[in-house]
Each structure stands twice: as C-alpha cells, then as structure tokens.
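Some structures to go through are shown next.
Shared between the two complexes below is subunit A, which has subunit B as its partner in the first and subunit C in the second.
The block that comes next holds the complex of A and B.
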C-alpha cells in the first residue's frame, strides 16, 4: 500500500460522500463508478425484495408506513418539530457562550485563581457524570414543584436549562482541548508583551483554539439537534411528543416515522457538512505543513 | 556612577532540580549592547526569560533602572511593558495580520488608540522595509520577514530594553543578514539590548561587551576584541576553537 494522502493527483480532497478515487486512469475511474453503481443497485434491490416479500411486511407497512396516517400526523409533528429547532438554536448559542467562559476559567493559571478553577472543574465533572435525561427530570419537574416566587415554572424553560447546563460541561472540555492545543510559545509571547492572562486568552489563545475545535463543536451541534427531543419527558409538545400523542390516540406508529424523517432532514446534512468541513480543515493544515 | 539599565545579582534558576543558572551577575548600562555567547544549554535563553519574568527566579535579584523587578508584589505585566523580548521561533500570532500583531500590545496594554498605534506601526514597517506587508498574515512571510516583524512588535511599545533570544537560529542562512542589519540599526538608534546569539561574527561586530556563559555561570566577559582574540579561560578557548573549526568565526 502506498502512502495515503487525502488530496489526489488532481489536487482534490475528499468529496461530500467520501474520498475521490486516488489513482488510476480516467477509464478506470469511470469503470469504478459503474461498478459501484451497479453493486449498490443490486444490493439495495435485494434487501428491499427481502423486506417487501416477507409475510410480515403488510403489517409493518400499515403500522409504520401508512400514508394516510402520515398525512394526518404530519401537521402536529411538524409544528412540534419547529419547537425542537427553535430550542436547538437557542440552546446552542447559550452553550457556546457559557462553555467558553467555563473553559477560560479553567485555563487560568496561578494560585490566585485556584477557587475559580476548582469551581469550573467541579461543575464539569459533576454535570458530565449525570445522564442528561436525569438532569432534565430533576430540573424540569423538580424546580417547578418548589413553587418558588419569581422562578419560572415552565417545564420547557427548565428542560432547556438542563440541556444547556449538560452540553456546556461537555463543550467546555472541547474548548479546553482547543486552548491546550495552541503552542505554549504563543502564550509566552503574549505575556511577554504585557498582556494579562485574560487578554492572552481572549486575543491570542481562544481565537486559535476555536479554529482548531470547530469540527468537534459541529459534532456537538448534530448531537444536540437530536437531544433537544428529550424534553418530551416533561410533556413539552415538541416533535417526538406530538408523534407520541398521535400514537396513543391511533395506535399507529407512522407519526414516529414522520418525526424521524424531520430529524433526518436536518441532522444528515449537518453531519455531511461537518465531515466536509473537517476534511477541508485537515487538508488546509497539511498544505501549510503542520 | 549612574544606575545601570539592567542589573542581575546572584541570579539562580533551576528546572526540576537541574540548575540552569548558578550564580549570574550582569550589569548592562544605558545604550549598551551585550551579547551572550556559549554552547546550547549554557543558560543564555533562560537568562533572558528570567529578565522578562517569564520564568520566576529561585534566588537573587534583578533590577531595571534601579527598581527591583523580582521583589514580591511587583506586577510582571508592568515590568514587561518596559521591555521587549524576541524569540528564536518568531512566535507571531498566526491569526492576526502584521499590523494587528504589532499594534496588539500598544492598543490593549498601553491604551494607545488604534489610529495612533497603527500609524506608529506603519512607520516602523516603512523604516525597516516591510511597508508593503502591513496586511499580510505571518504564514505568507519568509522567516526573515517574520522575525523582523517580531522585532518591530517588541519595538512598538517603545521599550527601554530589548532582549533577543537567538533570533537568527531558526532562519535559513540567506535570511540572517536582513535580521542582523535591523539589529545594527537599533544599535545606531541607541537601543539597549541583551542578545543571546550563535552568530560570533555579528557578536564581535555589534557588541559593546561579550559574556561567555558556561554551565549557568558567566565565566568570562569583556570587550569583543579581547574575548575573541585573547580569551583567558580554558573553557572559553575551547568553545571558540570549536566555533572556528565549524567555520562560524
């Protein structure tokens, strides 16, 4: 096997769906594409035939892929899903900001900042050690039950808060990895110019760190985009909850399929984009030589 | 006798129990150019980083214009605002343009407004022949250009003193001259400098005084003519002999 490179002899990197062919003449490439196409069609055809010809398929189709039910369930699921999207966007903005603050606190050096660092580490360790769903239940049902004056009682608010807290802890670690990936000499150079620790973080380390961790942050986006649905356990009428309501009323599961389709419509392009960006990023780094 | 610009008294520094600076005494007068020579690992670089307070010293004292900068309670950021240091590996900020690299400290640390800081930076760049690189990013510059920008970055805060840490060691041979010429210009302008270097010819040419460091001690110091022609210590003689054999002097 010769040395692998993600850039082929035409200077192209990986495409949207995987690596381009890496060697060979034009005809061989065309033949390769033909083989890939034919084998894919044959394979998928075979699997479909297996499924569709099985004895249980009519029942499955009626339960999960019923067009009539799909149309009936769609409006409610779609409007619930729109709430998912809004939750995702709002939570992501908050997470990116809060996590950055936590990561910066954690990156401060010197004994004077020990209490702050301890606080950041404790926050990260505790939150990461608890299942998200547990946090959602705790805050979403627990806090409103306290009936504290002036404290919001909305399940949506507290469910979202739980998600933001949980994801902030994970994302803070992503940022931290990025900050630590910036060379020590950059920190030294900034400090030698008289910049304080915070200025060094803000102007020198964090901007470079963020560039290094954008792929990891994008992965977090994909994950959060699905996890917002977890607030359904609080009874919040988002997409999954809407599908569940439809299911309990009709005993048909096509509503869940409608929700599945909606999630895939957002998460698959997001995942493809993440891959594309990561590959492009890697190629750029290789081009600079490090 | 007037107060020297920089004075080190009995400075000691260890890393993980390994003594790097044993007992360093050094006096640098106003407008003096002092070159530190010696083998790799003799402590030249550590010495400069101690003066810049990037490494805390274990014992001894360092004075800048008579003020002890190693005293407890001294804010290192304020000390660093009075001196510049330039590193072997340039260490420019890769995400900033040349202009932003140079103006970062004036604007954020010294409170200079952006137009003033930028016009001062442009002046520096023009003076040292990089006026057309204002908006370039560091990875688009040659090593020699990057190092000149790094020197200008340290000049932009009008330092009382500049520390140069092997600033030509990472450069291709053909790029060394442009950096050395810039340093000669600084000497003509009267800048006080402490220079750790492997360029013996340059040291002989530019230094008012040469200090030979060996194993964390300044073993011998004097005017370059004397150190290079008539070294007194056996270790200095050996070191210079090796340099001559390597064709570097």
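The block that comes next holds the complex of A and C.
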C-alpha cells in the first residue's frame, strides 16, 4: 500500500494526531517541519504568557493547581474514579448488547413485525429526547420511592440503569446506520438463499454493519466513560463527587484537577485508539480494493 | 490591642451566653453540656486571626465611609433557593423571600444593615451558587450569607465575619426506624447515612460518626430528603435548625432522632463570607458583635431557630 492510497477524498491520511500529519510533513520537507515547530512554540508561548500575566493568576494557581492539595485530594478521588471505571465497563457491555437487539428489531421488515418496530422506534425517540441527567434523577429517586415489592432501591442500580437505557437508544441508532450501510443486494442475496429475516441479520447484515460502525461505537465509549460520573446526583461518591467534597471542604479546586487528570488518562488513549483503528480499517478496505 | 481584647472578651461572653441557652434547652432531656466548655476557646482563636484585618476601619462605620460594591447600597448574596428557618417560615409563608425579614438570616441581615445605617430600601439581594461565592476574584456583592461554616482552610481563600450562630448537628430518620432510638454514635455504625455537599455535616459523618459504609453525599438537602423517601439512606445528618424544617415540612413521618453532643473537628460556626481582603469585614464584625452583646441575635435565635427543648442527645 502506498502513501497516496491512504489519503481519503478529504485529504486525510493516517497518523497519531489526526489529519495529514505524516504525509503532509513529508511533502513539505524539513522546512515545513521547522515552520510547524516554530509556530507551535510561538502559539503555546503566547497562550502561556496570556495566562501567567493575568493579575489573578497567583490566586488561581493556588486555588486550582496546588500540589499539596493535589496530594491530599488524590486518594479519595482515585478510589471514586475506580468506581467510575467499574460502572463504565459494566454499563458498556450491557449497552452493546441491548442496543444491538433494539437495532435488529428496528431492521426487521414486513407488516407482521410492525408492533415490534413501533416499540423500538418509540423507545429510541423517547429516550433520546430526555436529558440523561433527568433520566438518572427520575429513575434514581422516583422508582424506589414507589416502594414496589421486589424492586431494587439501590441508587447505584438505578443510576446505571438510566445510563444503560439512554446510551442504548443512541447506540441502537449507530447500529442501524451500520445495518443500512450494508448494500441492499446483500440482504436480497441472503434472502434468496433461503435465509430467514433473523438469519439474514445474524449472519449477513450485522457482522458487516458492526465492522462499519466500530469507530462510532468507540466514540460512544469515550463519551460514556465520562458520563458515568453523573450518578453523583444520586449521592454516589464516585470520582467527581469525591473532588466536589474536597472542594467544598477546603474551598480549593485542585481536587477537580486530580479528577480531570484521571479521566484524561483513560479517555485520551481511548480516543487515540479509535483514530488508529479507524485508519487501519480504512487502509484494509482500500487494500482489498473497496 | 486594647480594643482587640475587649472585643474578644465580648465575644467570649456572648458565646458563653449562647452555650448556656443551648444548655437550658437541652436540660429537659437531662443531658450534660460537656462539649460547650471547649467551644469558647476555639471560637476566640478563630477571631484572633480575623481581628488583625478589622481593627483599622473601626473609626466610622457609616454608609458613606463603607467600601461597597454599589455606593450607598448594601448588596447581600444568598443561596439560589433559600429554605426556612433561615429565610421564610416553617408554614411556608414568604418562602424563599429574603426581603421578607422572616427567617433567621433574613431578619439578621436587616439588623446588620440597620446597625450600619442602611434603610431597608438600601438593601439589595443577589443570588449565588456555592461555587461562585468561593472562587477567587472580585465579587458583585458585599457579603454572602448562606450558613457558611467558618473553617481555617476556607479562611485562606475568602474572609469570614465573626460567627453569628453556633450550631450542632442532628440526625433525622423516619419514624419507627431502628436508629430513632440511637443513644450513642456507636449505635449508628451500621447506618447508611446521607448529607448535603458543602455542609459540615459531611465531615461530621465522615470523621466523627465514621459509619461502616461511607455516607452518600448529595447536591442539596432536598436531594438527601428524596433519597430518604426512596429508602436509599436510613438517616440524614443536618444542622439542628434545618432538621426542624426537614421534619416539620419536608418529609412526612420523619423525626429528629437526636442532636449530637460530640465535638466536631471544630465548632460549627456560621459566618458571613466576604471576598478575600474586603475591608467591609471590620464594620460588619462591629455590627455583629454589637447585636450579639445587646441580645438581638439571641432573640432572633429564639424566634426562628430554637423550638423548645426535649430533643434526644446522641453522645460521642
């Protein structure tokens, strides 16, 4: 595979840091690299100068970037963040499964399946129309207050349920886009071979669809990894809430920086991985001649 | 230095008076007042640090001489949604209306303003969130009044007035809860408790009660109440005056299981919050000290915050 073929029609090529990096620099040569370096240094220098020359910087530095406070806040924030990670992993598995089922129901054809399709569409429309935070509050405080026998009351359970429901609706649409991107001839060929609707979905459409939407699914991962923190409205002491508690105790915001660092440590590699995977997948398809 | 000492002395007298009042209320339950002895000393220490900033502008605390955000107007900030008994009354009259002079803080604000020479019309109220108030930088209000507990760590970021109220923490549970009969903190080790973010109640549960399961921490007292209604927590810890409000107006079937006599990490004293270095602190301190000395604040406490004795005491 040559360098040329890996550049798509928007002029983007593969690379760790996005558009056109490697091929771009190669075309422009050493002079280009020098200009890029100097302009980056000048830009970052200017921004730093702007921040550091602010009159309130010393106060802001003390309130947001205080190493002593960072160390004191760290253990509680870290243990809260560990809860975030566990919630994220559990929720993601459930979301991938539930969303796929919803998307497959929506992809069924024929009048007999109309009620099921209607159900799937209603679910997706309603849930996507409600802010996640509202869903968390409604399920988290509302359902347990009904005191129905046998229904769990745990705030963690209902917070996660709200996240799973909400993200399933979005993810179902991602799957659907994938299913619809598979050529109609694939469906018709499968059907003409005698496969049932479900078999067609299971063995022909969905495998191709998933491959097409993996970057979008990974994007959802990155988003969910941060949104799990929202269950703090139910009193759960996850990472962000731990930072808030530290903040309200000391009036110092460095705990938030600690939480930010932790979230970045997970989300940036995940985002880089998404880019890398997308590029690799594109190159593979082009190599096949697609 | 002499002014300094008299002011300290005056505060000591006042704090002792407050303590005696608290003791009088507690007598019905036949309790001891062991905690009270420690309180004045610590309170005095807090004031020493404040006094240095305030001695200079004692000369003339009149409207014209004050450093104000808007000249001729006293701009007071309070929380977005205020609750009785701090603002408004328990039966819901004048709910969330700081201008009503009903509720302890609303009434006190106008007393302070009056002492400094402001007419009622010259008092303007602003609403702020907790974060806006504590972030570094200039403010568009003169002081912020929403039951801010004075602590040394917080004092590094903002300035506080001398305390205008010393509170105790209380436990609210649903009637019939096994914890309604709690006698000591040991009895609460197995309880799942909740408290609101930004209150010293969180610290009290974390550091003093230390239950087996860490308490849940909510955005607002209101959410703690929702969690109790949802059966997610078995008790909520709040300051005693708020406990009266929760039990009388917010959660049907809830009772005050008791107030704690355990020493918190420090006494929970409420002060007005000022931007760091605001010279107005001096004159406001003078106003508060004077209102403490002449019994005005005691009267307000009796009127709005204390609803008679008979409350169980949970000992440390």
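Rule of thumb we're sticking to: the second predicted complex is superposed on the first by the 263 of 290 C-alpha atoms of A that agree within 3 Å, B and C clash if a C-alpha of one lies under 4 Å from a C-alpha of the other, contacts with A are read in each partner's own complex, and residues count from 1 in each chain.
Everything below uses one rule, namely that a contact is a pair of C-beta atoms (placed from the backbone, for glycine too) under 8 Å apart; a residue touches a chain by one contact, two chains touch by 3 or more.
These figures come from a predicted structure and were not determined experimentally.
In the superposition on chain A, A:214 contacts neither subunit B nor subunit C. By the touch criterion defined above, A:147 reaches subunit C but does not reach subunit B.
In the superposition on chain A, A:203 makes contact with subunit B only, not with subunit C.
Touch criterion met: A:189 reaches subunit B, while subunit C stays clear of it. In the overlay built on the shared chain, the residue A:251 is in contact with subunit C alone; subunit B does not reach it.
Between subunit B and subunit C, C touches the greater number of residues of subunit A. When the shared chain is aligned, subunit C comes close enough to touch A:63, but subunit B does not.
Applying the stated contact rule after C-alpha superposition, one finds that A:241 touches subunit C and leaves subunit B untouched.
Residue overlap on subunit A between the subunit B contacts of one complex and the subunit C contacts of the other is empty. Contacts from subunit B toward subunit A in the complex involve residues 49, 52, 54, 76-78, 80-81, 84-85, 87, 89, 91-95, 104-105, 108-110, 139, 153-154, 157. Looking at the complex, you find that subunit A touches subunit B at residues 185-186, 188-196, 199, 203-204, 207-208, 211, 288.
In the complex of the two chains, the subunit C residues touching subunit A come out as 130, 134-137, 151, 153-154, 156-158, 194, 197-199, 202-203, 214, 216-219, 223-224, 226-227, 229-233, 276. In the complex of the two chains, the subunit A residues touching subunit C come out as 56, 59-60, 62-63, 140-142, 144-145, 147, 153-155, 233-237, 241, 244-245, 248-253.
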